[in-house]
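Labels A, B, C and D are assigned to the chains in the order they are written; within every chain, residues are numbered from 1.
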Amino acid sequence: MFFASDNTSGLPGPIMDALIRANDGFASGYGTDAYMDGLRTKIRRLFDAPEAEMMLVTTGTAANALALATLCPPWGAVYCHPLAHIEVDECGAPEFFTNGAKLVHVPGTDGKIDPDALDAQLAQSGRGVVHHVQPACLSLTNLTECGTRYSVAELTTLCTIAHRHGLPVHLDGARFANALAAEGCTPAEMSWRAGVDVLVLGGTKNGLMGVEAVVFFNPDRFWEAQLRRKRAGHLWSKHRYLSAQMLAWFEGGLWLELATQANAHAARLAEGLAGKLMFPRGGNMLFATLPRTTHDALQAQGAQYYLWPDHQQMNFADTVCMRLVTSWASSDAEIDSFLNIVTAKR
Amino acid sequence: MFFASDNTSGLPGPIMDALIRANDGFASGYGTDAYMDGLRTKIRRLFDAPEAEMMLVTTGTAANALALATLCPPWGAVYCHPLAHIEVDECGAPEFFTNGAKLVHVPGTDGKIDPDALDAQLAQSGRGVVHHVQPACLSLTNLTECGTRYSVAELTTLCTIAHRHGLPVHLDGARFANALAAEGCTPAEMSWRAGVDVLVLGGTKNGLMGVEAVVFFNPDRFWEAQLRRKRAGHLWSKHRYLSAQMLAWFEGGLWLELATQANAHAARLAEGLAGKLMFPRGGNMLFATLPRTTHDALQAQGAQYYLWPDHQQMNFADTVCMRLVTSWASSDAEIDSFLNIVTAKR
Amino acid sequence: MFFASDNTSGLPGPIMDALIRANDGFASGYGTDAYMDGLRTKIRRLFDAPEAEMMLVTTGTAANALALATLCPPWGAVYCHPLAHIEVDECGAPEFFTNGAKLVHVPGTDGKIDPDALDAQLAQSGRGVVHHVQPACLSLTNLTECGTRYSVAELTTLCTIAHRHGLPVHLDGARFANALAAEGCTPAEMSWRAGVDVLVLGGTKNGLMGVEAVVFFNPDRFWEAQLRRKRAGHLWSKHRYLSAQMLAWFEGGLWLELATQANAHAARLAEGLAGKLMFPRGGNMLFATLPRTTHDALQAQGAQYYLWPDHQQMNFADTVCMRLVTSWASSDAEIDSFLNIVTAKR
Amino acid sequence: MFFASDNTSGLPGPIMDALIRANDGFASGYGTDAYMDGLRTKIRRLFDAPEAEMMLVTTGTAANALALATLCPPWGAVYCHPLAHIEVDECGAPEFFTNGAKLVHVPGTDGKIDPDALDAQLAQSGRGVVHHVQPACLSLTNLTECGTRYSVAELTTLCTIAHRHGLPVHLDGARFANALAAEGCTPAEMSWRAGVDVLVLGGTKNGLMGVEAVVFFNPDRFWEAQLRRKRAGHLWSKHRYLSAQMLAWFEGGLWLELATQANAHAARLAEGLAGKLMFPRGGNMLFATLPRTTHDALQAQGAQYYLWPDHQQMNFADTVCMRLVTSWASSDAEIDSFLNIVTAKR
């Protein structure tokens, strides 16, 4: 019963096979490998974006922070949801990489930014007044940190507001594949066609070892981004191991297949937890409120998950809120075991 | 009718005289002047703090940011009110000087942090979890940005909570003299005895040209602070002009005399605006809600003040909120002129 | 016998008078004062640069660091002489303001960069290779830290090389007035006509209290520079006291008159130290090698100066090297006293 | 003929096997995996350092920059050789991670710091003078960037000088295994017993995919280091893939076996290039000066290597300097092919 995170699972067979194949012989380093050439072509085609540039890093925090640093100057403001990963879970990486930009909260239910709130805040942003940080970019997350999903229409609305105020848009797509599989749209529709300027396309939570692509639909600042990556120690010398993985991930639509599996596991879990979920399910992450006695029983059986909003914040009330994340490697068996315990304790 | 800020007024006679006297002959630079020796002794006596160290800079933003940088590491969180000057009006200086610390909002009415909210947030701060920024210090402001005043008891309560959670306390005292004059306590009572670790003692808004003392009641990190000051370009070579001013300011209690005058002017203004004030008056700054027609009449007569919360945010409603700040140089005449216009438009 | 620095002297009468006049009444803050309008017009005319923008700060370190930060990205290299003030005497301010740019040494005799060395280094700069910092700007100083002076021709040669390699040029003009007075050219000839893009025009070492103008001959990044200034705590609220001083300084050519006086004092001193100077005199700063016994005799009479290259580096050899700086406030009498001691000890 | 870098080779069989084994099932993330526990124990034993703490990152640049940031404040100076990787090849990563520390060059032949030069520079370091950056740490590299090797005695001499001046020591051990295998001493002798405070123990250039251990012999600042790692985006979620690799690398002394092979390949190459080497061979990296015609012939046959000091710096003289790096995966056959071409062109 491993529901702590989608990053606790291993690599699916085809990815490990790709690593083994890539290991053969010598390869030039730092992104000049042949796999990277193939990957670049693949991503441009998949996203219908022939001008796009991309680079690989190995963590989502690095990918987000590098993307933000190219969009936001040190005196800039990044508008984001108060629960955004960049705000809560990156130990200030965006502030470090941008040299001190400010993350400004825009509220909204279910982890999704409210368009009217965004518009109102940008209208009163202090732009042009030297005493205030200057609005610089909008950062969205899909799937959100609440496991919900922005529809293409919702993304478009938010991006349009941002663009109208002159702000480019960053999309934290740590679970982009899950969102895409659930939404059933094209990669372009969920990114640049909706108005996204820089996409973090996460592989790590969907079957890769530690591979995230930062995709710049407008390549103007790509050289700067590469310098920032190197300077942050995120340029891999044995780069082929990253590009080979991601190339195999796209092969035959494996990435969406894995995401679909993860989502289906979450759906099964959600069904069993009907009435106990805090947010509508968007993909492969759920938040359920359950009695403390159920929690105790689950713990006794070794179930793994985080309490929310913070694991530390041990809740001595009668109920607890659990974050439950499924992955491609989840099994019906463990889900059913979990649900059996929940049901038994009712 | 100059109510835009207490920094639009000039220097009182004794301060200008001190500058003229200090101008005579040669003096060694960078804080090694004799005035500085006298000032150090004076501040230690006034604050009953023989171990305290202090340094001078010329803006409140620099003073606050340097103080915070000695208290808060790059991965730290500064807890402050959402309306704090360090959050709103310094274009990210705290983030720049700390290399990217995060300012975390603690709510409270009338610009004052709510003790229960602070305690609750610190109890759930993420301390010890590597994914989150680590709680590092509490930043208070007295007078607050709403023109209200923390009592000594209120300060003590907040500092005690912070210390209990292991956090030192910074006090932005841009209007410390006004607060002190109004509260009628000793400098020690409003600073280290209440639990303040680093005080920014503002002179600029109370009659000096551009002089702020950063007072470290615990001198352990004073050498670091001096290096940070130099590195930020805030170490004056012709330092005597700063120290001579502030020394003269303390002479015969001038600083409190000036603050008392400013407060009295605000009291006169407040009396005339009874029923229209947004916050209880703490010293020399008021926020009044008045009809737009009154605003138009005041503008026509050349009255100067900012609209609040943001001058830009031009309010097309029937009422506007004005920020009105008095200084030692305000006059009964201009106050009465102002009030006459307000009364006439009623 | 005050030869420690040109910043140990006071303000000349007309500057103090300007401060007294400026003190009258209320003035709007943050650079919106009428004096600043006059100053801007004045500088544009003096430099024959109608498009130039400028801002004031109070220290040379701040002025240099802000200028460099607008010219050089975090991953950039600033090419400078190993003895440059920005490298040696600013405690890393350029690195702080640029967020970690690298200062790259270009050698040359007498404190002046060798053009061939610059050209060769720029030709092998690593531009376009992601592993290396990228060449970003050239920083010159006139007068140099050795008290020598670049001629207009020499400046032009260096700036031309920099521009050919795509680098803009910063000129640290802490002693620009002294250089200008000695060179006998126009302000434009020693700045933008020679190829300087951003000039730090120092007032502090030539009679002002703490006023430095950062002049952008290309105003494209001026808004960024203003945000950086605010964010660094260098935007003065009572700004009139800065602009009024500098406006008075230009009045009737006072700035060049003061610089000419300082240079003449240095010339008198140099004449008496013939044969003992380390570098050719460029303006108002000399370096003389004298017997230790002479040093002892001078110290006994209270003469003030720094040993070079570092005061700390107490030299127990038979000779010491003194840095001697004159100012507008130096007197023939003190110079002659100094020289008498030198002569007596021969 | 792959001599461009030791990072162009793949993973040896046992490492790939370890990855395959580690891939099985679920594992908790962020360094809490069982492999990491084993690795910690292993390193403590190998280094005879039961108190040491360590963390893993995936690039040498990150490892070095994180180590330096824990040793050196923003206003600090890192003393290093002018050819050090941290100075030349990391695009300013040390400056980024330290928030602007300065790298100060200490000269020495063959890429090794001269002890007398170090001692002299530290004696004149400007410590305690606020205008100058403050000496903060010494950074050494073994093998050096010239492919030479510090003996244990040489390391000890340098570390002793640094410690006498109060500076801790960082050792960039990107090729620590090669140095160790060649020197024939214990890991402790080449690190903490010689005086090293923080070691970067490189795995990437010696058979791992991208794994570097940062070993803190004094664990006082380890928590800070972990926060810095997270904040820099270098904390891997699927951490088991890093720790499992390095654990397998130590298994049965594989790491030294691989290094010994690489060194032996270099020895064979060196023998064939006798009289043409620029520096004494320390391990697996050589620099050879050869006729341009030989270079052309080698290129025609597809030999891969970098020209030095910079590949870009295309040398139109009659000779070129090649950097030649061997690895565990080099073969006698390719070495002999290379040497045959060299001999044929003589």
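To be clear about the criterion, contacts are C-beta pairs under 8 Å (C-beta built on N, C-alpha and C of every residue); 3 or more make two chains touch, one makes a residue touch a chain.
This structure is a prediction, so every number in the text was calculated from the model and none was measured.
Ranking A-B and B-C by contacting C-beta pairs places B-C first. With every chain reduced to the mean of its CA atoms, the largest distance from chain D is reached by B.
The geometric centre of chain A is 41 Å away from that of chain B, both derived from CA atoms.
Per-chain CA centroids place chain A at a distance of 50 Å from chain C.
Our note on geometry: chain B versus chain C, Cα centroid distance of 34 Å, whole angstroms. Multi-chain contact residues of chain D, defined as those touching 2 or more other chains: 74-75, 90-92, 96, 99, 130-131, 227, 230-231, 235. Contacts from chain D toward chain A in the complex involve residues 2, 4-5, 7-11, 16, 19-20, 22-29, 57-59, 61-63, 65-66, 90-93, 96-97, 204, 209-210, 227, 230-238, 241, 304, 329. Those residues of chain C lying in contact with chain D across their complex are 74-75, 88-92, 95-96, 98-103, 124, 126, 128-133, 310-313. Note for the complex: chain C touches chain A at residues 30, 73-75, 99, 130-131, 134, 224, 226-231, 235.
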